[in-house]
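Across the two complexes that follow, chain A remains constant while its partner is chain B and subsequently chain C.
Right after this comes the complex of A and B.
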């Protein structure tokens, strides 16, 4: 028996605030400890402030998903104040949210994930030359095409949100910028250009064909575009069996909009979806450098353990649903929504499943966004009135 | 509560919401809510460092009085309500 420890990190893909400690026995990982070496404490920053400041403070949690944080803050304030967005306001907020989601997915696939397969460690693999040509850092043809296409897609965020990151456009009772007819035409042509990019580079075929895949067998037969290259690599390296999660998937539903959410909410487990109960969420502190007991986010406190006790190893709280971990993200959203391919992937549950589900969500979100933008009517009101109550409780879930 | 653009207490950002000067030092600790400017009798409590209060009062009331109706209306709406018109020909 050989046992040793490996410290992976800091990861430099985004900010470096992640460190993973691996305990390895007989060439396999026996235990993994994921740690955030950076204490954030955003909850503590909000205490004592005007609740409306949540719209400014919470989006700064993240430089990637700031609109999602913004939408959650606006929903929580709306829930507390009993405010509602006019349907067109909700539609515009959902478009902003969806565009960020789409941009993040293509960034992850191209810049954070596929990039790794261009490393010299894989020299000699039959697919390596193609991976080098497409995904070498700062040089790959796939990378460059994606960065350009993504920058153009983000024009929609500029049009509707004024800027990205940290827009204040999404408010509890609507959005602040009313797109006119010219904006709608521009957004339509921006989306059309992004579809061309996806169909030419990423999928190598119409998006509807990928979105219509129903089985793992059909997915395996996909050969075109970077998706085809990814599936070839996944087969060769056994990515389907790598990194299997708890196979318990939670989604509150993507992009709250005019006609409800873009995807259904629920908890997927062993092929069946049950309603997800937000009251059953707990933040577990057993291995966190945090004081206090496991509690619902409404009741919990964020008091760091300055002693950094030995039984803990992370500045993160661990979210649990009804006492057990649950996976979130594209795979969860698509499986809970009931897409047949995503459900098959949810059972598979590994690295390939997560990446393939992200690709599926790219295709479906692009199609969904086109329909949302087509429904933008510049004559409608986008903002209603709301009053902040003296005391209230609210929850915002995205 | 009004549309943030309607309050018109801070500079209006292109996105239709108030500019919170997020690149300025100490922006994270404003004297009040981010999207509102604290005022006494219509005058901002905090002024730019190079702006004497008397100047500011004079300039501010002058600019308020001189604001064309079109700009005043549009700045308080979520879209352009009054489009710019060509000037009338001088006779």
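Right after this comes the complex of A and C.
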């Protein structure tokens, strides 16, 4: 028997750094440790500040999903202060949030995921030449088209949020920017251009056709665009069976907006959805270089273990829902929302399922955004009154 | 040539330099760049890849060869580390080291681990044979959010760890994309560092105060202010000074170059500037507190007084402007002195 250890890091294409340690026995992975080699201490920085400064501090947790962090901070403050966004303010906040989500998905698919299949390791595979043409780092035609289309899409976050990243416009009781009629026209044409990009490059067909897929069989029959290439690769490399998670999916609902959230909230298990209970969240510290006990985020402390004890391996706390891990992300959101294809993918549960669900969310979010922008009415109020109480507790979930 | 003209304009070089930039882009060998990430949020990379003029992809393809980047490269792990060492060996003394984020020095640097070792070691290795170092963003330049009080990890800006190399600070959280690509374009075209201000920032992008180039400045001078979110003044685009705007104390190109391909900038979105290109902007009180004393910046009254004496200010506008410029220079020197003292 031969045993050795493999350290995969820096693990690139991810914010916040990731390192994976693999214990290998007889040519097979016996154990894997995914760890965060990065600690900054946001909880300590927040203490003693003006609570409103959370709107500036928390987005810096991540420069990829900064609007999600910003929306969570605004929701937590709103919860604490009893503030509510007027419907038009909530709509603009949701558009900002949705555009970031859409941009992140296309980046992930093109720049962080498909890029890998252009590597020489896959030379000789029937699809390799096409992958090289589309996704070679800094040169692939698909990659260049995506970078340009995405920058143009971000005009919407620029227009509504002033700048992206680390947009400041989302406040607990609304948004600071009142889009006018001209902005609405600009956003509409920006979205139209992005739809053209998606339909020409990514899907090779109308978005509605992909969003209407209901079965894995129908998905497998999809041949056009980069989606078709991905499905070919997934079949050849067995990506459906790779990386299967706990098949327990959690979503708090995407993009809180004017008419509630864009997708439903809940916990998906074996095909049925039950309400998700935020009080059942615990941050487990068993393998984390953190002091203290597992606790709800409201009660927990963040004190690093300076000894870096041997029984732990990461600076990250591990989130648990009712004592067990749950998968989040596009697959979880779409499955919890009840989309038939996503539910089939949730049962499959591997790499192919996650990527296909992300593609599904791209199609559905683009369609949803078009409707949201069409409903922007500049004459409505964008921000309500709110005052910060002397003492309060609040929760914001995105 | 279109984006060469825009590059020239962005760099403040005028039309005469357009052919020179075009020539450089076409003929110069590509400059290798090693791009490493410490404690950060990757917002600098995200900003960079959205640059419009010049397009980031043209910078990457035509001007630099991004030989190592933690975030964007195809290889990972062992292969990635090998690529970095290979670039260092092959281009000793000729590559640019771009640093996003900063090293934490507490706990022997173990709050940021790269390839099993403290990031600070990787930074020092990469810097040893670099021609110059670019400190991207507020993290590398000043420390940014992780260095905000109480700075739990002792996050430390690059220039306090690397002391024997020329360092160009490109602060902002993130920096404007066109500023990032503009700095690289300049370095390639003229084969030297851009002129830096006394804080080490390229003067071409950081010599102007947001407040002085702000399209809402006439409302400040007229004493017209937003008093609360979404009020009548907010709808009319009045000055955000009373909402805590830090434009009067911030030097950056936001109000001229703007963001997201010129779409807007924070003040245009109705929210005040938070001063993210200034040293220590995290610990100057709340982002919603007013800048309390404007006297040192050359405007002889705070906003309330400006409001009362609006007519007088308009009348004396031209004389006041000259005074502002002189005082601004003095202020800049004072600021620099303070930051130098802090470093000592």
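By definition in this document, the second predicted complex is superposed on the first by the 395 of 398 C-alpha atoms of A that agree within 3 Å, B and C clash if a C-alpha of one lies under 4 Å from a C-alpha of the other, contacts with A are read in each partner's own complex, and residues count from 1 in each chain.
As a working rule, a residue touches a chain if its C-beta (ideal position, glycine included) is under 8 Å from a C-beta of that chain, and two chains touch if they have at least 3 such contacts.
It should be emphasised that the depicted structure is a prediction, and the values quoted were computed from it without experimental measurement.
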Worksheet entry | Three-chain arrangement built on chain A, chain B and chain C clash or fit | clash
Worksheet item: In the superposed arrangement, does A:263 touch chain B (first), chain C (second), both or neither?
Response: neither
Practice prompt. Using the superposition on chain A described above, determine whether A:372 touches chain B (first), chain C (second), both, or neither.
Written response: neither
Item to complete: Give one of first, second, both or neither to describe whether A:388 is in contact with chain B, with chain C, with both, or with none.
Response: first
Worksheet item: Between chain B (first) and chain C (second), which does A:171 come into contact with in this model arrangement: first, second, both, or neither?
Response: both
Fill in: Partner chain in contact with A:251 - chain B first, chain C second, else both or neither
neither
Item to complete: Answer with first, second, both or neither: which of chain B and chain C does A:50 touch in the superposed model?
Response: both
Discussion item. As a test of reading the superposition: which chain, chain B or chain C, is in touch with more residues of chain A?
Written reply: C
Discussion item. I'd like to know which partner A:162 touches here: chain B for first, chain C for second, both or neither.
Written reply: both
Practice prompt. Check whether A:119 is in contact with chain B, with chain C, with both or with neither, and answer first, second, both or neither.
Written response: second
Discussion item. I need the one stretch of chain C that runs into chain B once the two models are overlaid. Options are 25-33, 97-105, 115-123 or 241-249.
Written reply: 241-249
Item to complete: Check chain A for residues that touch chain B in one structure and chain C in the other, and list them.
Response: 50, 52-53, 55-56, 158, 160-163, 166-169, 171, 173-178, 381-383
Practice prompt. Would you mind writing out the residues of chain A in touch with chain C in their complex?
Written response: 7-17, 19, 37-42, 44-45, 48-50, 52-53, 55-57, 60-64, 66, 89, 111, 115-116, 118-119, 137-139, 144, 147-148, 150-152, 154-155, 157-169, 171, 173-178, 304, 306, 308, 315, 381-383
Fill in: In the complex, chain B residues that touch chain A
1-5, 13-18, 20, 22, 32-35, 78-80
Discussion item. Which residues of chain C touch chain A once you look at their complex with the stated criterion?
Written reply: 37, 39-47, 49-52, 55-57, 60-61, 66, 69-78, 80-81, 104, 107, 110-116, 144-146, 148-150, 152-153, 155, 173-174, 229-230, 234-235, 254, 258-261, 263-271, 274, 276, 282, 285-289
Response to the item:
chain A contacts chain B in the complex at 50, 52-53, 55-56, 158, 160-163, 166-169, 171, 173-178, 180, 378, 381-383, 385-388
